[in-house]
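Both of the next two complexes hold subunit A, though its partner changes from subunit B to subunit C.
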Partner chain A sequence: MDSFVIDAQSGNFKQLKNLLKYEEALERQFVALDNILNALDSRNHSLGYLLVLKAKISDNGKNKLTFVDQCSHFFSTFSTDQIKLAPEQFTTLSKYYAEVLHDVKQPIKGIIPLKNAMRALSDNKPYQVLTPIHTDLLQVCILSKCYHVALPIIEANITSINPKESAIGIKDILCFFYYSGIIFTALKKYKKALEAYKFVLTAPASALSAIVVEAYKKFVVVCLIQYGSIQHFPRNTPTVVQRNIKSHCKVYMDYGFTFPNSSISEVQQKAASSAELFQKDNNWGLIKTSIKSIYRRNIKKLTQTFMTLSINDIAEKVNLPKAKAEQFVLKMIEEGEIFATINQKDGMVSFHESLEDFSGSVVLEDLNRNIRNVFDLEKKIRTMDESISLSNQYLKKVYNERKNSPQFDE
Partner chain B sequence: MAFTEIDSFVKANDFKKVRQYCENLEIEGRVHSKHQLDTIKSYYGIYMLTLLIENDIVNAKLLYKRIPQDFKNSNQPLKNIWNIVKSISQSDSTSTYKALSEGLGDDYAPLLNTLKKLYQSRTFNLISDAYSSITVNDCSSFLGLSNDDTISFTTSKGWTFDKESNTLKPIPIPKISSASPSGNEQIKSLADYVLFLEK
Partner chain C sequence: MEVEKGSSSSSSVSNHQSISNEFDLEAYINNYTGFTKIYRLLFIAESCKPLEVEAFKQALKEVQKTPNLELYNTIVSKSHGILEIDPSYIEALNKKNASHLDKLELDLNTAKSNMIKDAIRFAQNDLGEFYYKLGDTQNAIKCFIRTRDYCTTSKHVLTMCFNIIKLGVDTQNYTHAPSYIAKAEQCPDLDNTSIAKLRSVNGLHNLDSNRYKVAAKKFIETPFEQSNTFSDIMSPQDIAYYGGLCALASFDRNELKKKVIDDQMFKNYLELVPELRELINDFYNTKYGSCLKTLDKMKPILLLDIHLHKHVESLYQKIRSKALIQYFSPYVSVDLNIMATAFNTTVPHLEREISKLIMDGDIQARIDSHNKRLFAKKADQRTTTFEKTMQVGQDFQNSTNGLLLRLEMLNNNISTVSNRKESEKAFNEFHNLGPNSHQHLFFTNK
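For the complex of A and B:
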């Protein structure tokens, strides 16, 4: 172990790379690990520190709180150059760190250290390059209910990954979008949640993964909240997902099919009959929200058939008590879901067309913003197109095809 | 408890900064010693009030879920503030005004006053748009004023009062359109678009 400490303290990069061969030896020496940590400095000897912490993962007798403190200290003070020599170990440690935080019930402690780690592993571009640490950070945010911390990360459209530098794998990517969906749902941004779940569903796959199944269950319920019916699969969903997923989510599909044509009480009955399963999947809150959304959709439908309606009639048609009906309509007006005016003297509600003046400057700004988004997207696609057409794989394929297919006379 | 750190922000009515301060305190404080934990606890009330001032009910509810249970049970100001959150999210103006008038001590007073004024003006804007005729009783519960005060306040804003049916006729508030972009900016945007399409 002394030789390990001496090697770890050297400043020479070549010698540092040799440290990796000590990994197995460290895992057999649990008792000495704390002492070794004391001899090392996390900023100057980051690689050695990292390897010792990683070896501690398999030590089941360790003090978890001390381990958490040691990791937090490490993630706040490491030196980026050194840990880049061992990205796999770094990401394994961060994943385990997130799990231990959950075990000791202090997930909020991990937010700042993991943010620091995420910035380092993505070359200081955390909003452009995805790393496994992004996923661990999202997990910690969800466990500690600090959804607002995660929001800027998931709202930025991250499009690059660097598997060699960050040791990222498909499981990390699927989990990242699954957690994004959960966070968007908690913040009630249902449209964005659906987009995130769609990313999980359309990831290329040759077999069905449990992450995709769970994402689909939540996708179904959020579809019901937002649209009142289950959306079809996006066109680029892999066939293995399309064919097999429904058999795993039969209860959810049945629940979704009752939505379009049944009354609220029928839907409530259907939900109650499978309540245990929904609770086990942690989706019971979502199911309750989907039932509440039925009232909104019914009122919205009324605006398409009637010009004016009395408050009593609205209450009857939507199955709400009279006092609540007026409050409900007021809330929908406040949120901009319907355009109407309430006349208390006559007890009538008049529905209007959308009052939006599509020639105003607000709409112009919106339009400008969306066009610029398309510009950025086009730039990204252009760079990706260039890099693919210059890649070895593509050129080989084109060359082989040219060789094999007959040439037409010019 | 004097909230000295955020005093300057509150005086300048810059509630965004107060919110940021509270957010950072909650997350960074946990990495350090227990003393910081007590400071965080004393700021929960302020944090929640700031979220209400910004009309961010979703995050106020999530904050309540994060606060430890024993603190929720023991701290009276927090209980009162939570009552305000509940009444606002249920759109119950009567109980909101009642909860707002419960004194929480001088430290919270400036925030409570700002919140009350904002809530009143938001509700006023809403009912001006949403109602073409409203009873005086309902209107006074929306605005938290007595019937006579309601009548004088609204008629001063241009509403008409119908004595026989005891109703008020609101005037919808004209929407102020924001400044349209200058001519130069518009030409620049158009030039960019044409160049892009020519690519």
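For the complex of A and C:
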């Protein structure tokens, strides 16, 4: 083991590469691991430090709290150059770290270390390149309910990955978008949540994955909350998903189909009849929200139909007790969902048209930002197009086609 | 029957009395011949108490002109006591039918052994006809379809088609009808009668499947035939009723003027039912009050029609909605009280009707429930354009981003693959981790 420590302490890259050979040997020496760690410095000897910590994963008898502290220390201080030699080990460790954090119920501790790790692994471009650490960070954020930390990441429209440097796999990508969906849902940004779930559904696949199934379940319920009916699959969903997924979430489909055309009591009944399953899937809260959304949608429809309406009439039309109806209307006004004023003197609600008139600097700025985004996208596509039309494969194909088709003989 | 009970239960007694006053069963039923006459009588007897006795008696008289025992039995048993069964009649008829059937089958066999095409067709046709008269539709349709192989002239084809279509209409089972209508329409040199017959049956078929607009077009295109040549299917009055009501329910105002009121051919039909002509004119001239009154008056009679009764409610609903929409179309604001009087209804009821139309997007307006007024909604083009633009831009960005990432994944060979062991492992891992890691999620505790 001494030779490992010596190799690890030398700054020489050749010797560092040698370190990877010790992986198995380390896993046989659980007792010595903590001592080795003490001999190493997490910044200068990052690779050695990483390998020791990774070896500790398989030690079932370790003190988890110490392990968390060791990892936290490591993730906050490591040097990027060294760990790039062992991206796989690095991501395995981060994944395990996230799990242990959940075990010891201190997920919030992991946010800053993981954020640091994410930045390092994505070459300081955490908003452009997706790494497995992104996924771990989201998980920790969800567990500690620190959604605001995750928000800039999931709103960033990440479009690149770098499997060679980050060892990212399909599971990481799917989970990243699944977790994004969960965070958007929790923040009530339902449209964005749907986009995230949609990506999970459309990811390239030749088989059905459990993550996709779970995402589809949430997709269905969030669709009901947002639109009141199940949306179709996105156009580019793999056939294997379209064909097989429904049989895995029959109860959800059933619930979704009764939703648009039934009365509230019928929907409630339907939800209650499969409550156990919804609870098991941890979607019960969402289901309840979806039932509430029926009232909201009905009230919203009323605002489009009436200019003034008494609270009594509203209550009668949406099937709620009077006090509750007033509460609903109030809440919806507060949240900017409807534009209305309540006159308690004669119990009348007057509905107004949307106040948004699309003028002013905010709108202009928003427009500008969107246009810039589209320009950027266009640039990306253009570069991609160029690189494809210059690639060997493409040129070969075009050449062969020309040779085979007679009209190009001239 | 259900429909009628539901709609006029409050005034059912007076309604029925007025029916027997207004509705001349004798005159009505004499428009028809053949089985449709019996079916119609039976239907009237079942759905209208005051006319029951008369209708059952007539039906029995008619059915005794045919060899159909089954129908005889049904009529007698449905009349619960009004009519009595006659065993000797049944026995005699049974014998007669059996011998007639034997004879026809013998004819068919001789024809077959002689290999004369036309003779075979003839014999098959006769047999089919007889089965039809017996009420055995299954065998009848088999026989008629078999004649198909022996048809030599277009006239034969036409006969076959009409036989099959008639069967379908009588049993109200339109599965075969469309293809045979199409087949018959392809025959060269169709005479007016045949065209009329085909169009009207086609209309009937579309009416049955709730395609009112197509039905209306077909009925209106029906050439006028004074002589009542297809009384075994329907009468010219029926065509006027069916076509007129379907047109009212589905045509817009221009179409109504051009295709119904000014149509030379359909005018002839409308002349047969002046009430209906007035109704359509009232509707066109926006006299909705009298129009709706006439409609209400017509309703009990229409409910006695074997083909139309199922559709009366939905047609009436559509006509009413259209009237409401048209009434409001020239206004910016309307007093609901005045509108309610124009439509013979109360304000709360009208409000409910209009709010439904607004929610379905048929009227662009909003109701001021406090002051009982209806205001037209002015669409703000700029706002809608802005909203749409933003949405399209967002959608484009989302889809392109997704596309780029998917491409990147494919370039790197990352995709969900089916590797049994591996996927199972992944599944378990996910599920072990799944529930645990979600346990503290935001919405579970809510």
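Criterion: the second predicted complex is superposed on the first by the 344 of 410 C-alpha atoms of A that agree within 3 Å, B and C clash if a C-alpha of one lies under 4 Å from a C-alpha of the other, contacts with A are read in each partner's own complex, and residues count from 1 in each chain.
We adopt the following convention: a contact is a pair of C-beta atoms (placed from the backbone, for glycine too) under 8 Å apart; a residue touches a chain by one contact, two chains touch by 3 or more.
Bear in mind the structure is a predicted one, so any value in this text is a computation, not a measurement.
Novice: Could you tell me if A:K145 is touching subunit B, subunit C, both of them or neither one (first, second, both, neither)?
Specialist: Both partners, subunit B and subunit C.
Novice: May I ask you to decide whether A:A186 touches subunit B, subunit C, both, or neither, giving the answer as first, second, both or neither?
Specialist: The answer is both, since A:A186 touches subunit B and subunit C.
Novice: Just checking: does A:S361 make contact with subunit B only, subunit C only, both, or neither of them? Give me first, second, both or neither.
Specialist: Touch partner of A:S361: subunit B, not subunit C.
Novice: Just to be sure I read the superposition right, which of the two partners does A:L390 touch: subunit B = first, subunit C = second, or both, or neither?
Specialist: neither
Novice: Tell me which touches more residues of subunit A here: subunit C or subunit B.
Specialist: Of subunit B and subunit C, more residues of subunit A lie in contact with C.
Novice: Look at A:S72 in the shared chain and tell me whether it touches subunit B only, subunit C only, both, or neither; answer first, second, both or neither.
Specialist: Only subunit B; A:S72 stays clear of subunit C.
Novice: Where on subunit A do the contacts from subunit B and from subunit C line up?
Specialist: Residues 145, 186, 350, 371 of subunit A touch both subunit B and subunit C.
Novice: In the complex, go through subunit B and note every residue touching subunit A.
Specialist: Those residues of subunit B that touch subunit A are 23, 26-28, 30-31, 58-59, 62, 65-66, 91, 126, 129-135, 138, 162, 165, 167, 177-181, 189, 192-193, 196.
Novice: Residues of subunit A touching subunit C in their complex?
Specialist: These residues of subunit A touch subunit C: 99, 102, 130, 139, 142-143, 145, 157-161, 163, 168-171, 173-174, 182, 185-186, 195, 198-199, 202-212, 214, 236, 280, 282-286, 288-289, 301-302, 304-310, 313, 348, 350-351, 353-354, 356-358, 363, 366, 370-371, 373-374, 377, 380-381, 384.
Novice: Quick check on the complex: what are the subunit C residues that touch subunit A?
Specialist: Per the touch definition, subunit C meets subunit A at residues 355, 358-359, 366-371, 375, 380, 382-383, 386, 390, 393-394, 396-398, 400-410, 412, 414-419, 423, 426-427, 430-431, 433-446.
Novice: Mind pulling up the subunit A residues that touch subunit B in the complex?
Specialist: Contacts found on subunit A: 72, 76, 106, 108-109, 111-113, 144-149, 186-188, 327, 330-331, 333-334, 340-346, 350, 360-362, 364-365, 368, 371, 375, 378.
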